[in-house]
Amino acid sequence: MRSEMRIAGFGGQGVILSGLILSVAAGIHEGKEVAQTQSYGPESRGGACRAEVVISDEEIDYIKPMDPDVLVAMSQPALDRYINEVDRKRAAVLVDSSLVASIPSGIAHLYALPLTDIAEFRLGKKIVANMVMLGALSAITALVSYEALVGAVKGTVPKKTVELNLAALKEGFQEGAKLVAGGPTN
Amino acid sequence: MRSEMRIAGFGGQGVILSGLILSVAAGIHEGKEVAQTQSYGPESRGGACRAEVVISDEEIDYIKPMDPDVLVAMSQPALDRYINEVDRKRAAVLVDSSLVASIPSGIAHLYALPLTDIAEFRLGKKIVANMVMLGALSAITALVSYEALVGAVKGTVPKKTVELNLAALKEGFQEGAKLVAGGPTN
Amino acid sequence: MEEVLVIQGNEACVRGAIAAGCSFFAGYPITPASEVAELMAEMLPGHGGIYMQMEDEIASFCAVIGAAWGGVKACTGTSGPGFSLMQEGIGYAVCTETPCVIIDVQRGGPSTGMPTSPAQQDIYQAKYGSHGDYEVIAYAPSSAQEAFDLTVKAFNVAEKYRVPVFVMSDEIVGHTREKVRIPENLEVRERQKPATPPDRYLPFRPGPDGLRLDGMPAFNQGYKLLVEGQLHDESGNRAGTVPEVSARLTRRLCDKILKHDGDLLDVEGRLLEDAEVVVVAYGSAVRPSMQAVRQARAAGIRAGLLKMRIVWPFPDGVIAEIATQADRILVPEMNVGKMVREVERAAHGRAEVIAVPKLGGVLHTPAEILAAIEGGYVRASHS
Amino acid sequence: MEEVLVIQGNEACVRGAIAAGCSFFAGYPITPASEVAELMAEMLPGHGGIYMQMEDEIASFCAVIGAAWGGVKACTGTSGPGFSLMQEGIGYAVCTETPCVIIDVQRGGPSTGMPTSPAQQDIYQAKYGSHGDYEVIAYAPSSAQEAFDLTVKAFNVAEKYRVPVFVMSDEIVGHTREKVRIPENLEVRERQKPATPPDRYLPFRPGPDGLRLDGMPAFNQGYKLLVEGQLHDESGNRAGTVPEVSARLTRRLCDKILKHDGDLLDVEGRLLEDAEVVVVAYGSAVRPSMQAVRQARAAGIRAGLLKMRIVWPFPDGVIAEIATQADRILVPEMNVGKMVREVERAAHGRAEVIAVPKLGGVLHTPAEILAAIEGGYVRASHS
Amino acid sequence: MITITVDKKFCKGCNLCIANCPKDVLAVSTERGSAGFLVPAATKPEACNRCQLCEVICPDFAIVVEGDREK
Amino acid sequence: MITITVDKKFCKGCNLCIANCPKDVLAVSTERGSAGFLVPAATKPEACNRCQLCEVICPDFAIVVEGDREK
Amino acid sequence: MHPIAEKYLRRSALPQFFCQGCGDGTIITALMRAVDDLGIIDDVAFASGIGCCAWIPVFVNADVLHTMHGRAIPIATALKLTNPKRKVMVFAGDGDCVGIGGNHLIHAARRNVDITVVMVNNAIYGMTGGQTAPTTPHHAVTKTTPIGNAEFPFDACELAKAAGASYVARWTTAHPRQITTAFKEAINHKGFAFVEILSQCPTQSGRLIYGSSDPVEAFNQVKNMAVGKAKAEKMSPEELAGKVVIGRLHQEEGRAELTDEVYALMSASREGLSAETKLASN
Amino acid sequence: MHPIAEKYLRRSALPQFFCQGCGDGTIITALMRAVDDLGIIDDVAFASGIGCCAWIPVFVNADVLHTMHGRAIPIATALKLTNPKRKVMVFAGDGDCVGIGGNHLIHAARRNVDITVVMVNNAIYGMTGGQTAPTTPHHAVTKTTPIGNAEFPFDACELAKAAGASYVARWTTAHPRQITTAFKEAINHKGFAFVEILSQCPTQSGRLIYGSSDPVEAFNQVKNMAVGKAKAEKMSPEELAGKVVIGRLHQEEGRAELTDEVYALMSASREGLSAETKLASN
């Protein structure tokens, strides 16, 4: 089984860190083969940025998504650009509704959550929006388990911030679970 | 007609300048085709150094001597090395006897003159040994005329030193003429 | 026990280097190679090694040279612009037979080019970037695992052949996080002291094969070494004006690599036995190529892959053989078509050699390579 | 009136440059190119030009770039080590389409190598020395006369193609004093202002051929130029992360040279009509080659010479044609065998291609090349 | 009257204008600009002395103070 | 007694020893060394104070002053 | 967008992509005001290297060479020489200016060439992600000094002065108006002018060296480091530890300048031309 | 050959090929005497670039890296770091040291790395045949300044000091014994030491700049330029014009030094190793 995810947004949102955590979760904690790639501009903050994760039971030849199962859009430009590279009928699409105003039509499995607002207002730190996203993702799709993500976060982020990150992950998971209970957003 | 000369010595003796003057004399003042090449080490003074001049009535393909008509040796190592690259029977060999102590045998047309001593003691400047040499050369061989050399010297060396250089040239020519009158040294 | 990590190729290079005994790194930050420096800075001191960030890439590579003669295994890491700046130093290292490793995490050029995007455009620069005649060794990893494995090998052959060795990684290999299995027992070639005692030792006299030197002495071990960047004789004294000596050294510097022990042929064939169409690839272009070859086989096309893990010295013989067997050879590269020229040369007109270039800083898709295998290749989208 | 001088190739380059309108030179002394700088220092100011000796070759070439955008024709001169240091800047000039000329008076390498002896070892470095994908133009004079003529041409095509152009001289051409005839009327291409007015001008938009740019604007002429070393769009704004735009620029930078107007094919055939053995040579190796070809003809052998005056872009087509006609192609070079690889590639196995390398910093003798023509070639004495 | 305008397309919510205002005219709002940051708002415009410190310090050319100070 | 030896193989006849000798011990001779230069000779060895300035100034390690100054 | 930005920014290059609260943006405004005050937008020529700071002039709608890391200064020197009327300005980060580009800086200073070099010192390599710079404090933590910097920082102003700069000033981004004044003084000064600006880089030096990526905290760090020249002269070395002196630190008027000298020699040469050289007649 | 030369010279490299009367030869002797006095021939490591001066250590029978033009200093830095017990010395011509290699000089000074850099200043590029150097006097004639130098020379000692050198001295070849002393002081000094030696180059600067290639005249030129530090302090700027101050110009003891700092951080790192990093087990 090969599954493919793309997470897109802009620099400073922790997009690449979220890719890292996914790949450690799947690779180390779930024992799968993984390939996590990324794309970013020369600016430290604000430029377009994306991370992609391929998870497979077998050796991975081509390391990039060919037909993503999941798209996470953490900004309007990211959604506008990458929605055209997924199968709108098949792929799960998670968007940060704090930053995305207009959502193209025809997305069968759309999940909208105000990731940044949750991070900024509920958790007090905008930069953990990526963790909220990961939590939600594990609730929405079965590609990586919540437990594996918790393990990966613990082994990855600086000690001082583990607690905050885990809280964000949990918040995201709960919000995601609510969404799933209610079915896709559209 | 193609004629080939090699002048060898060490850095600081003005070997390359003598090649330059020969090439200007033959090329500009006598209207021939010329190719003057050189070889030298990275040191400014004291290293092995040589200049070669090919003079021809036609376009010159290969620019280096293939079978030199003239060898000038301004040092012992120069003589020892290059004597093996001339036809001892045919080539005219001019050596600076102030600096060359031992002369290999079998040189049919050998001309020995204390070029450096002449320059240092008669003209007061060791560095014009090259001009003494050129003067002698024009007396000994007919390859470049004395007049052409005078013209080339005038157009080449710094104004302040023209007189000294011409004096040295003349001195060399006279010494050379004497030698020729007496026949080759050996 | 084997250790399993999920790490980027850049980290794999660092771990490979340290595992191979590297204890000195000098570098200068540059995208996409900065993680190499950062991880060296983090890990080396704990292993008794030294990390130095120098004032530029010129100084970085010079420090590597100094460290090598100082007695330790040393390396640097950089990308395009830095690699260009190191070229003079590379020539010096070649001429003085200084063992060292350079990790070039390739990004798109020319100039600042595409600073955050991958490319395979420096592959000729590795061989021809410095002035003069010389040969080097260049590996091209296609995964994080190979980044680890080939960095270890790079250090080993640097010691053996006394030459700068390149690990020609790229932004994709460097930044892709994958599983890396670190074996328990690694083959590491330690630095060897000369067999000849100092008083009879001529530092640049080749051994019995007439090619490789006798060990690698260090400064302040009693050898009174003269390490000279001018062409020199066997004692190290300059001989740039002595044609015979100069020519002999130049020839030996080239021949010690070209006439290697067999260990500098490092290619891997996949599904080649009956292949009519062979994809020749190196570095990250291997990944979509292999996917495409599998897809082609699934579609009944007799396709195969030749992966070059060492690109310099170029495997002329292997290509010549493939050219005899195959009808078509495809060379997908993330550049305008570079190594394809070598393939074309080595194929001697015996097979059709087709460049499958990909520009714009993106990896080929398997579909693009598949199309080329199927014979329907018209220039890939961004090429 | 035609003027006749007896001068060195280095002086011929300087006179050629000034005749072609060069009014800025920045350089750094290095054997055997120092006379280029010295004569520029002597002659340029009298012609209203500027000579600058910079702190190194990096700065020298940067100053040339600055001068070009400052509005004047500019060049530098160097040799191996300096050429290596200029490589980063060369990539920038390519990427920004900065017209300029670099005179490389080749000496033996690698490193300090043979600082006072000739070689033809930097010929690939001219094409591949900088990181990234690009194409350049490289001339290789074989006499003082050609040093003059080809330097003039170099300036002309630099303006036309907006690219760095190399004059790949060598120690022999540079230092050999020969007759140079300076014609009364020289064809000089002046710098052209853009045809489009500033307000509608896109500095990096190609003209109707889709390849070459519209003139060369200068700073402070109202264009508000952005000259960017990152891959950029037609306005000059960076686009290194936009694959389509990046790929398009890379392709155009290469194609504008490869798909030239015909004027970048500059070869001269001698006695080729019925030749069975063809000597392909460039630079000073042409001289003994021609002598050997004449000697061979005298001995009844059907030998001919192809002189490449432009080595990059490489004349693939001409070589392919010769390979069809001739049995053997000999490539004498003062290096381990470099351009012979291109000849081999372009010959496609249709003729036997034989390297006639000469090392040690000395020119081939006609006898050595004659021996190769006669088929008796065993490695030349210092090779 | 003084009008203080924050350009939401350019403001990155760095708060430097707020921190540098000598008159505490500005404060963080809950509104997001185009880049997703919370932009400042003039909560006490009447206190503004038109010193323009906010303008010269703003790294994003995003704040403009117009009009005259009331006498 | 003091012996002053000039090594004709190394001396380049620069005359720095002569110029620096505080006691005018040395002078140019008419003899050529291996490199073709006229080498110096100790014309007044008895005046030598063994200050060794000639030795430390000689760029070619070509002059050696040995022995003790006569009391 | 502020009217001055409307007037001077290069539209096609926007949006300005510096991080939230980066001091580089403040410097753009200060620069536009200086250019506006002097009315020199058509005469100014910018060159910059690579780094965040190097983007400052790119956003200005003027003639700009955005070049290679560390190499703007020799390019700028040629821009000046080829047209002495140009007002040439270089923007260089600390790494660009005294890291890789240090040799060009000291040689331009030595030549006293009439250009202005602005060095924006954020004590770190910002663009590449926070590695140590030659301006990073001793023992500071950065990405490549994970347990502290073993090296010591340059005083770039001292260096420029010792090399021959004839105008030297230092300010911080907390002094935007003084920056504008310094730019104007530097441009009007005949000779090599060096202006160092301490600037906050919340993302890298803020986060790594000073422990917070909050723009306001980073800004205050920089602001609090600065001590005016006059005040500093009255302080003890102990009091000055960790402080940086700001102000116009050095100015020497009337020193011979490169461009003048080059053109003077050119005139001398042209007069002597016919006698000394013979060139092909065309 | 002098006994000290017999003892220390590298026989296979002889003859020493400097020009007649070149100051570089005198410096070799001064160096051998310093090495002899300190008894460090087995512990010394030399690095040099390219130029006449760069050949000085090549003639000494010790471990020597004869490298690239301008690049000896970073190589020397690594030699020191890889074995702190080494006594590392660099010999560099003025072009090598403050021309092409200027950036390495100032960075090594900034790092206060415990090496000694000897710069032999002959005011010209000797080896390449007499082109202008960054130390060539204003208006001097050289091969590339045929009617006079438009540029201005560095004060290399000031530059080194401003960059962070903790020992700075200047002498001339007319002071061979002081050179030996300075070498010994510099080697024993903990930190970056810079020694400038004004030297005659009869062939190039003698001939081109000073109008005579006579070794004695060239030597006297250099000698007469020098003014002792103490004396200079009492002279007016007018009196000092054209003069060069010699002596031990600057020394700062006890300053933190790079090698120490690097090894201290290494120890700190090794203690924290198990906790912080996990490396492949081999």
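In order of appearance the chains are A, B, C, D, E, F, G and H, and numbering begins at 1 in each one.
Here is the rule we use: a contact is a pair of C-beta atoms (placed from the backbone, for glycine too) under 8 Å apart; a residue touches a chain by one contact, two chains touch by 3 or more.
Note that the coordinates shown come from a computational prediction; the quantities given were computed from them, not determined experimentally.
Common neighbours of subunit A and subunit G under the contact rule above are C, D, E. More contacting C-beta pairs link the chains of E-G than the other of the two pairs E-G and B-F.
Averaging Cα coordinates per chain places subunit C and subunit E 55 Å apart.
Centroid to centroid, with C-alpha atoms defining each point, subunit B and subunit G lie 58 Å apart. The centroid of the Cα atoms in subunit A and the matching centroid in subunit D are 53 Å apart. The set of subunit B residues touching two or more other chains comprises 39, 41-42, 46-47. Residue positions of subunit G touching 2 or more other chains, listed in rising order: 15, 18-20, 50, 68, 100, 102-103, 107, 129, 134, 147, 262, 265, 268-269, 272. Multi-chain contact residues of subunit C, defined as those touching 2 or more other chains: 31, 42, 45, 55-56, 81, 88, 92, 111-112, 115-117, 228-230, 240-241.
Working note: touching chain pairs come out as A-C, A-D, A-E, A-G, B-C, B-D, B-F, B-H, C-D, C-G, C-H, D-G, D-H, E-G, F-H, G-H.
Within the complex formed with subunit B, the residues of subunit D that make contact are 4-6, 31, 115-117, 172, 175-179, 284, 287-288, 290-291, 294, 363, 365-366.
Residue ranges on subunit G touching subunit A, taken from their complex, read 15, 17-20, 52, 126-127, 129, 203-204. Contact residues of subunit C toward subunit B in the complex are 230, 238, 240-241. The part of subunit G that touches subunit D in the complex is made up of residues 10, 12-13, 42-43, 45, 47, 50, 58, 61-68, 71, 73-79, 81-83, 86, 103-104, 107, 262, 265-266, 268-270, 272-273, 276-277, 279-282.
Within the complex formed with subunit B, the residues of subunit F that make contact are 12, 32, 35-36, 38.
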